[in-house]
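Can you keep this structure in mind? I'll have questions shortly.
Order of writing sets the labels: A, B, C and D. Residues in every chain begin at 1.
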Amino acid sequence: MSATKEEITAFMAVEFPQTKCVVESVDETGAILSHDIGINELRPGGTVSGPVLMSIADVAIYVAILGRIGIVPLTVTTSLTINFLRKPSADARIIAECTLMKVGRTLIVGEVSLYSEGTSDVVAHVVGTYSVPPKLA
Amino acid sequence: MSATKEEITAFMAVEFPQTKCVVESVDETGAILSHDIGINELRPGGTVSGPVLMSIADVAIYVAILGRIGIVPLTVTTSLTINFLRKPSADARIIAECTLMKVGRTLIVGEVSLYSEGTSDVVAHVVGTYSVPPKLA
Amino acid sequence: MSATKEEITAFMAVEFPQTKCVVESVDETGAILSHDIGINELRPGGTVSGPVLMSIADVAIYVAILGRIGIVPLTVTTSLTINFLRKPSADARIIAECTLMKVGRTLIVGEVSLYSEGTSDVVAHVVGTYSVPPKLA
Amino acid sequence: MSATKEEITAFMAVEFPQTKCVVESVDETGAILSHDIGINELRPGGTVSGPVLMSIADVAIYVAILGRIGIVPLTVTTSLTINFLRKPSADARIIAECTLMKVGRTLIVGEVSLYSEGTSDVVAHVVGTYSVPPKLA
């Protein structure tokens, strides 16, 4: 039932046309995404906007779920908690590493560590819960 | 030390130039914002994108903080939890009602109920924590 | 399908025998509970222990759910977020006011404001999500 | 400024006299704790009570903070988010592994994975934020 990186990338282009996230890798345990940072993602002072980080994490969990259970359009976010830990770089891509912590019949929980590319310090950490149609999980 | 709606609106135009949030009202206890919904805020199927809702809530708490402690550029979000409760309308503005729950010396906590304009059901609920420079809170 | 205060109190005595929570009122929209504070609930310095507050909030949402959908033993907490806002009194009961924000087919979300009895300031705020068996919600 | 396992254990006996948590190991990056499970920690049906898990996680982050910044009595929890992922065993100790994600001047953020001893599946995951007096962090 799992989906490949190519299948997911094609699906995301339709389902999330606005996202600039790129799927770097995905398997049944999680996914790694990258996201370019430019003027649209920055706030004055050179900080990556918080909602941009939330958005990347949200997509990363979504991609990881597709990688696990296949293309399931009805998957929806039910809750998301983000902790902002450090100021991201204005000059580096954001890398999102998602690990699925629970894959239940109707609920899937993933965590995401967000980095500025080239550093090992987590700039933000996210835990998100997604609801999936009961038959498919 | 509090700031008026006009002062906040002028500050937001500089600090958050990307936001489409409009400050409808603000006082020392909270703020009400609105946000137009158009093609950029929607996902296929006509749902308002989750990150758009997070972004509106984030701005709403920020505005409420400015309304309480005045224009403090160094205020930053430290954590945010969102629960998605109902599908928002694709045809209505999002209204965000923020109430400050705690205004401490270094931490401020606010909650936000997000509605589709014209309905009373909450589409998403947010609790956010913000760090402010110690001397100003 | 809803349950009365008396039915819930009887059920809680079996299901949560350790809890000292008292159901003060409950209806289809929420519940109010109280909890005595004594030496077992305090930490040195006279603060009510954080886990005691979490526990009261957890029970409050559980009771509110029973008040809405009836006695459903398989209801389980899936997530809970607590923000500690003020130091509770060591000499007053804790009052928990729970409002159900969403009652879905499989997920119920409630929020709880916790007070020291006799004050109007919230000492802690909780949002909790509960999973219920699909047929009963 | 860090504290040893023995110093922390002695401090905890005074500061958290009710806790049954045992500090297994602690260093500047995190801590591992264990907690016996008996009749007082179980709910009917053999599930470890949710508030017991929250309490263990709360203590685990507290211990990790002491291990990093030394014995600082004024450290307080400001927020905690728990996701319940699997049913814990009724017959095994709970093991809590805490990693500090951010150690800031006034805020420290830790995450905790809770296991039933002898299994590798996480039964609950916690992210907690603690406030520390500015001079000591």
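Criterion: a contact is a pair of C-beta atoms (placed from the backbone, for glycine too) under 8 Å apart; a residue touches a chain by one contact, two chains touch by 3 or more.
These numbers come from a predicted model, not from an experiment.
The greater number of contacting C-beta pairs, out of the two interfaces A-B and B-C, is seen for A-B.
Seen from the Cα centre of chain D, the chain whose own Cα centre is farthest off is B. Between chain B and chain D the centroid-to-centroid distance comes to 33 Å (mean Cα coordinates, whole Å). Each chain gets one centre point, the mean of its Cα atoms, and the points for chain A and chain B are 23 Å apart. Spacing of chain B relative to chain C, judged by their CA centroids, is 28 angstrom. Listed for chain B are residues 78-79, 81, 83, 129, each touching two or more other chains. Those residues of chain A lying in contact with chain B across their complex are 14-18, 40, 43-44, 47, 49-51, 54-55, 58, 76-84. Against chain A, the residues of chain D that register as touching in their complex are 81, 83, 85-86, 101-102, 109, 111, 122, 125, 127, 129.
Remark: chain C residues 78-79, 81, 106-107, 129, 131, 134 touch chain A in the complex.
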